[in-house]
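Two complexes, one shared chain (chain A), two partners (chain B, chain C).
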Partner chain A sequence: MNLQKIIVVAEDEMFNGSKSKYLLTVGGIFIFLSWMMIHYSNSIISLLPFMNNINAPHYLILYIVVLILGPLMTLIASYDFICNEIQTGSIRYIISKIDRTSFILGKFLALSSVFTVAVFIVAVIGSLYNLFIFNNAFELGKLILFVVISSLYLNCFISGFLFISTLSPENKTALIMSGVFLGILIFALFKGNDNFLKYLTPYFYGISNIGLFSGSTHKFEFIELFKNIFFMIIYNSVFLSLTSIAIKRRDL
Partner chain B sequence: MERGDIYGFLGQNGAGKTTTIKLLSGLLIPSDGKIIIDCMDMGNESENIKKIIGLVPQDSDFYDNRSALSHMQYYGRLKDLNKKDATEQSITLLNKVGLKDAMHENIGHFSHGMKKRLGIAQALLKEPKILILDEPTNGLDPVGIKQIRELLNEYNKRDMTIFISSHNLLELQGICNRVGIINDGKIIAEDKIENIRHLESNGVITIGIYNLNPKIINIIRNLKFVVKTELKSENVIDVFVNSKKDVKPEINKLIVENNGHVFKLIENSLSLEDAFINATKMH
Partner chain C sequence: MFLGFSEKINLGVIMNTKKLLSIGIVTGLIIVITFNYFDLEWYGGIIAAIIVGAIVARQADNSPIKYTIISVLAYNMIRWTITAFFDQDMKMIFGYENKAILGLFVGAVIIEIIFFLIIGAFSAFVVYNLRKEK
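Now for the complex of A and B:
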């Protein structure tokens, strides 16, 4: 593993790579849709009466957007990130120069950076709306927590989709497998109330943090927050390790 | 392989040429055995090995929506060059492989031959100690082949060791000093190019005899250095011999002693193609 080469791969993937425009477009769409939601948040609040009791519910709305829309956007951005390179053979030019783990981490860093920046922009837009349109106080703590938790949550999906992309022989298969993977996660979340299955889904950790943005921060246990962050980091690490093992076993 | 060799790697389809190249370049991890390159074990020091090799893989594509220069800059940076050096080396190499005028064009507009030349250029970035080429001239026109051959010779003179896998036996014959023949995953013959031609017989002697008859054919066939004979026409026979000395006078004397009237006696050394066919037949 070589940090310098990881950065070279990530930088190239974001700004010059074959999918950089596509990746930035997906990030842009994510920001646009989130902005739409915050822009029409008053209408959404009026449709959901329980939100009237929440102080500054706009972060909650944005967080729900990240919870629901985020996994779909990461799927669209990352499903063919590895398998496309394997399918065309372009990976051979890269792997003959760097180790496989650096390649995977470079790809992950590119996707993660794009979505972290997107989440940050969304959080800033939300803060500006909160401050100037809805005349609420600026809450730096919430902004930071929103960015950290949302990006970690999205990273869980990115690492999962990268793993699937590494296993898939071609782009179509990767798309189908990623869709099925997302379906299984949703199924596990809803069917896993009383068993361990829910702990295997990033959705569980994402939803567990919703209390932070529901306006009742003082009621939310911060130990729970750190536990969730810890598990999301573990989740990421496990999938990245699996991806690294999978690519090492693949005939390129 | 010795340092400074241009090593030709021959084998039929499915013999294991590309697999060997993948193993040598780290694209495939061996399930068993060791790969030692420049006293380094691929299992422990693959990153250091990758620093000294340049690979031209077979059937690999580039990103269609990027220019040749952008590709080269990216690969250069992966080879630890800074942006400035990567750009300078890229332009020089693209110039050498004849892609100077097309360096800003998207690869999507490139022909197969142009992509091959770009593949060779990227492998030469940072001047590796060892260059590995898998079917490098497939799809190249004669001018392109000549250009690549000259380029390889130029780099070989600068002490670069070159490993070429190819189906094009004539091409290897013209450029390599050592040849290995692989069949069914095993090296069945390996030697200097002039020696490898003598795997089964060191040559074919074509003999023309006016009164060629079964008795003379039998006498020739029974000579201890004759591997086999092939009747080419009513009066002409090909004799495959395996001997390091010149056996033509001995054969001629024997035919004359048996009342044969020789009108032609020519020795042809085996081409690499014949040697290759013979070697794979033997295994």
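Now for the complex of A and C:
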């Protein structure tokens, strides 16, 4: 593992690679959809009667968008990120110069950077709306918390989809299995309401933090936040380690 | 007695299929019944699906997902048939003329089985592709 090589792979994927345009387009679509949701956030909040007393609804709406739309966008962006290279054989040219773990981490860094930047842009747009249209005070703490939590939450899905992409022999299989993975997570969240299953899904850690954006931060227990962040980092690490093992075992 | 080369291969495939399915079904049944004994049906179903998927994927030469789906479906059907015949609580569902309760029960069971099939298939996919020798 070499940090310089990881950065080279990530840079190449983001700006010069065959999928860079596709990746940036998906990030752009995510920003556009989130912006539309901020624009109509007051109307959306009025549809939810239990959320009427929220002062600044844009962060809450944005967080709900990230919770629901984020996993789907990461699926679209990352399902064939590795298996496409294995299928076309272009991975052989990279693997001869860069070790496999650096290659995986570089890919992860590229996807993670694109979505972190997208989430940051969305948060800034939300803050501008909050400042100039809703005439509320600027909340830097909430902005930073939103970016950190959302990017960690999306990284959990990115690492999972990269793992599936590494295992799959074809793009079609990767897409189906990524969908199955997402389906299992959603079903485990709903079925695991009263048992341990919910702890296996990143959705649970994402939803636990919603209290930060739905009301005053004084009411939220920050020990919960640290616990959720810790478990999301563990989730990421486990899937990245599995991806690293999987790529080392594959015949390329 | 005097089998040709292709017939021997076919026989080998059939034997392998038989072995795979029987291992999958027996393992699944043992795990499910053990967890049922301790009133942990839901955990038992998930753990059984994961273990059966892993065992079948380690043994199968090709298409492990197909074998896992058949195994998981078979042991779940056996399990629910046994439950329907021998469980006293089943009289509440089958004993009355109310078809809506029966429909609701069968629907819930089918959804549960589909969920276990998906988990088993995913487990088989991961273990088969992590194998060094295929």
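To be clear about the criterion, the second predicted complex is superposed on the first by the 252 of 252 C-alpha atoms of A that agree within 3 Å, B and C clash if a C-alpha of one lies under 4 Å from a C-alpha of the other, contacts with A are read in each partner's own complex, and residues count from 1 in each chain.
Simple rule for what comes next: a residue touches a chain if its C-beta (ideal position, glycine included) is under 8 Å from a C-beta of that chain, and two chains touch if they have at least 3 such contacts.
Keep in mind it's a predicted model, so treat the numbers as computed, not measured.
Visitor: Mind checking the superposed model to see whether chain B and chain C fit together on chain A or clash?
Guide: By the criteria stated at the top, chain C and chain B fit after superposition, with no clash.
Visitor: Between chain B (first) and chain C (second), which, if any, makes contact with A:F157: first, second, both or neither?
Guide: neither
Visitor: Tell me which touches more residues of chain A here: chain C or chain B.
Guide: Of chain B and chain C, more residues of chain A lie in contact with B.
Visitor: Could you look at A:Y205 and tell me whether it touches chain B, chain C, both or neither (first, second, both, neither)?
Guide: After superposition on chain A, A:Y205 lies in contact with neither partner.
Visitor: Taking the superposition as given, does A:A246 touch the first partner, chain B, the second, chain C, both, or neither?
Guide: Once the two structures are laid over each other on A, A:A246 reaches chain C alone.
Visitor: Between chain B (first) and chain C (second), which, if any, makes contact with A:G17: first, second, both or neither?
Guide: In the superposed model, A:G17 contacts chain B only, not chain C.
Visitor: Which partner does A:M177 contact after superposing on A: first (chain B), second (chain C), both, neither?
Guide: After superposition on chain A, A:M177 lies in contact with chain C alone.
Visitor: Regarding the shared-chain residue A:F115, is it in contact with chain B (first), chain C (second), both, or neither?
Guide: In the superposition, A:F115 contacts neither chain B nor chain C.
Visitor: Between chain B and chain C, what is the shortest CA distance in the superposition, whole Å?
Guide: Least C-alpha distance: 8 Å.
Visitor: Using the superposition described at the top, list the residues of chain A that contact chain B and also contact chain C.
Guide: In chain A, residues 249 are touched by chain B and also by chain C.
Visitor: Flag every residue of chain C that touches chain A in the complex, lowest number first.
Guide: On the chain C side, the touching residues are 42-43, 46, 115, 118-119, 121-122, 125-126, 129-132.
Visitor: For chain A, which residues count as touching chain C in their complex?
Guide: Per the touch definition, chain A meets chain C at residues 167-169, 177, 180-181, 183-184, 187, 191, 195, 197, 245-246, 249-250.
Visitor: Please give the residue numbers of chain A that touch chain B in the complex, ascending.
Guide: Within the complex, chain A touches chain B at residues 2, 4-5, 8-9, 12, 16-18, 88-90, 92-99, 248-249, 251-252.
Visitor: Could you list, by residue number, the parts of chain B that touch chain A in their complex?
Guide: 22, 25-29, 46-47, 50, 53-55, 57, 59-66, 70-71, 74-75, 77-80, 119, 122
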